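First up is the structure itself, then whatever we jot down about it.
So that you can tell them apart, the chains are marked A, B, C, D, E and F in the order they are listed, and the count of residues begins at 1 in each.
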Amino acid sequence: MSNCGETLMAISSLIEYEQASPEVRAVYDEIMATRQTDRVNNFWKAIAHDPATLRRTWQSVKEIMLPGALDALTKEMIYVAVSVTNQCNYCIASHSAAARKAGMTDSMFSELMAVVGMANETNRLASGYQVEIDEQFKVR
Amino acid sequence: MSNCGETLMAISSLIEYEQASPEVRAVYDEIMATRQTDRVNNFWKAIAHDPATLRRTWQSVKEIMLPGALDALTKEMIYVAVSVTNQCNYCIASHSAAARKAGMTDSMFSELMAVVGMANETNRLASGYQVEIDEQFKVR
Amino acid sequence: MSNCGETLMAISSLIEYEQASPEVRAVYDEIMATRQTDRVNNFWKAIAHDPATLRRTWQSVKEIMLPGALDALTKEMIYVAVSVTNQCNYCIASHSAAARKAGMTDSMFSELMAVVGMANETNRLASGYQVEIDEQFKVR
Amino acid sequence: MSNCGETLMAISSLIEYEQASPEVRAVYDEIMATRQTDRVNNFWKAIAHDPATLRRTWQSVKEIMLPGALDALTKEMIYVAVSVTNQCNYCIASHSAAARKAGMTDSMFSELMAVVGMANETNRLASGYQVEIDEQFKVR
Amino acid sequence: MSNCGETLMAISSLIEYEQASPEVRAVYDEIMATRQTDRVNNFWKAIAHDPATLRRTWQSVKEIMLPGALDALTKEMIYVAVSVTNQCNYCIASHSAAARKAGMTDSMFSELMAVVGMANETNRLASGYQVEIDEQFKVR
Amino acid sequence: MSNCGETLMAISSLIEYEQASPEVRAVYDEIMATRQTDRVNNFWKAIAHDPATLRRTWQSVKEIMLPGALDALTKEMIYVAVSVTNQCNYCIASHSAAARKAGMTDSMFSELMAVVGMANETNRLASGYQVEIDEQFKVR
């Protein structure tokens, strides 16, 4: 059981740049360059215990969050909407900060929260009243 | 138990305009006028069994979905993001249609889905790895 | 793969009384006796593929749903509240019917839905605004 | 980024009565009068950053939680059931306290938890076994 | 609005091999080769409307589901556990089939469901009783 | 209200062996004997306020987690998968520790997290794209 404790410590500690393998450092470097910052968030330092997941997740996030048909701010606000719905405290904190960095004002945040709250409410009213999908909304 | 069946029928049926009370009709009228359509979605016809909830929900939705710091399209896409995360089929169908009506293109929909999917994934990685909130993300 | 199809059929079919083992029949008999009905819901007929789960689940449900400090109707309404929050269509349908059988009126159902919807909304506002627990609500 | 930090501080701080605008104070006054207390919970002080959401949420909560076909205690217990299902720690803490204030005894709390736990279990058994809704439970 | 209907049809239809672009076909070919089947599931045909998401999702799924420290069957059962918890009907159906193809017997399925149900129950008991994490389980 | 505070204290405190009733002690004894440890987790000490729930939950957990068609480690990892999906921090911490005790290595944990994350992502893609269940996956 003390072994167990040590292993837990190992997997849960954060992998800092200094102790990271070249493979992990390469991802950290890319994260910092892409985000124009000299800091890597705890999220990446935690999943760095699994370099394959670190690399794959970063590649996916980078590709998905790149401005395209939707701009960076809209994408970050959608990220917040999902994280709030799932009650993921870490993600709420980190993506709210990211959204603000991308330009979210207090008013935008307030309206975002209002929509997220309302959607969570009407989702349940729709289910609870067992509402059937309108013919015109059916997709096939 | 046959009574039970009848009651179920009653509460679950949709209240059409013709059979609606003046109070319910007033909300239907406002919905159609606001949305510039001659149709009321099943959602409203279902919750119309409870005129107080119908009125309150409509007033809240109307107020919240009004373009403000966020435009109508962004708000509808956030609604879709929440509904997809909650797996609410009715809401996914109706708000995807509303988002398209508000201007969501196929590319926007695709990117919306990509962000929603990714956020649901990293929400769990953050929780599973028990990542602590970075000092700079703490709000108090 | 045809084997796979057959197995799926087997596990997903409903085990009717006539084909049930004595062990399963004994549970069915108890369900019908307790609920004073001559019908066993599909839920029990489906999980009867695993007699151990059937028995354990029925024993737990029977013990938990017995009127105690909370009456049967209140318990059924709580069951509906959870099922609606989880978007479990089968459970919404079956427990809404059970709640009506236990005395839930249309007004009670409407108020139940209103509370469930509101709670789902404010749950997200609390998380999104990262509200800290008030000192007086802390339990330890 | 230091600006970002300041903004986060602003939105996340709690708006105390002394610093509140007349509009926000009016809601605080009504909350304290309705609940016969001289304290406003952190939840309201946090969402007060958005006076429109504060007002609308309070009006809805006040209307919905008023005793009607369901009494105040039952409504608070339903609120707890939803909050526990959603794993919203703030809401679990605040509404458990509210339910106790409304008369929830230790026995009632225990039975509430037992039903909530059981419903969450059988919700998944129903989905996992892909149980079809019984004919008699179908509402349309 | 008729335009809207047409667009919905477009995005929701399934992209069959015959109509697929070379980029999409390449992914379909790889899916069929990897899974040693001549059929592509609806899931892939639906997200093929967004070739970038199709490619990225397939690459991730392929990499993640490859037998490693965990075998293919265990991974498929974990997939089912998540899908059941989220009440995603499509995923429950498709991954239950995949798990059976990978060797899941009726007994394994029954035990999987029992654990998933129980975990969903105790998750809520832990939250509802506001249980603090034991010192020895803390990871930092 | 001070009474309320006292009651909260009572229900939320942990019931230690020394203060436990014979009925509760009997369950504690069985937990420690089964798990070959001299410690009872906070979870059990918290729900011990309701001896009926303590006994029933323990009996169910003991029966379900017993190695059968699935071994103990697989069952613990499924428990973790559900807890992570539900964002239950207590359960993530306690069952990750239990899984490690049962033999989960760092590599297994990493792959478990990768599958859980991916499943949560594709669950939403399937819902968002409103994918219909393939004929061959339908069970009835």
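The criterion applied here is as follows: a residue touches a chain if its C-beta (ideal position, glycine included) is under 8 Å from a C-beta of that chain, and two chains touch if they have at least 3 such contacts.
The structure presented is a predicted model; accordingly, all values stated were derived computationally and were not measured.
S.K.: For B-E, find its twin among A-C, B-D or D-F: the pair where over half of the contact pairs carry the same residue numbers.
M.R.: It is D-F that repeats the B-E interface.
S.K.: Between D-F and C-F, which chain pair is linked by more C-beta pairs in contact?
M.R.: Contact tally favours D-F.
S.K.: Counting in whole Å, what is the centre-to-centre distance of chain A and chain B, each centre being its mean C-alpha position?
M.R.: Measuring from centre to centre gives 23 Å for this pair.
S.K.: By residue number and range, which residues of chain F touch two or more other chains?
M.R.: Within chain F, the residues that touch at least two other chains are 8, 11-12, 47, 49, 52-53, 56-57, 60, 64, 85-89, 93, 96-97, 110, 112-114, 116-118, 120-123, 125, 127, 129-130, 132, 136, 139-140.
S.K.: Of all residues in chain B, which touch chain C in the complex?
M.R.: Residues 1, 4, 7-8, 10-11, 47, 49-50, 52-53, 56-57, 86-88, 139-140.
S.K.: In the complex formed with chain C, which residues of chain F make contact?
M.R.: Residue positions touching the partner: 5, 8-9, 11-13, 52, 56, 60, 63-64, 136, 139-140.
S.K.: Show me the residue ranges of chain E that touch chain F in the complex, using the header's touch definition.
M.R.: 11-12, 39, 41-43, 46-47, 49, 53, 57, 60-61, 64-65, 68-70, 74-75, 77-79, 81-83, 85-86, 88-91, 93-97, 105, 107-108, 110-112, 114-116, 118-127, 129-134, 136-139
S.K.: Flag every residue of chain E that touches chain C in the complex, lowest number first.
M.R.: Residue positions touching the partner: 87, 96-97, 100-101, 106, 109-110, 113-114, 117, 130, 132.
S.K.: Looking at the complex, which residues from chain D come into contact with chain E?
M.R.: For chain D paired with chain E, touching residues are 80, 84-85, 87, 89, 92-93, 96, 112-113, 116-118, 120-125, 127-130.
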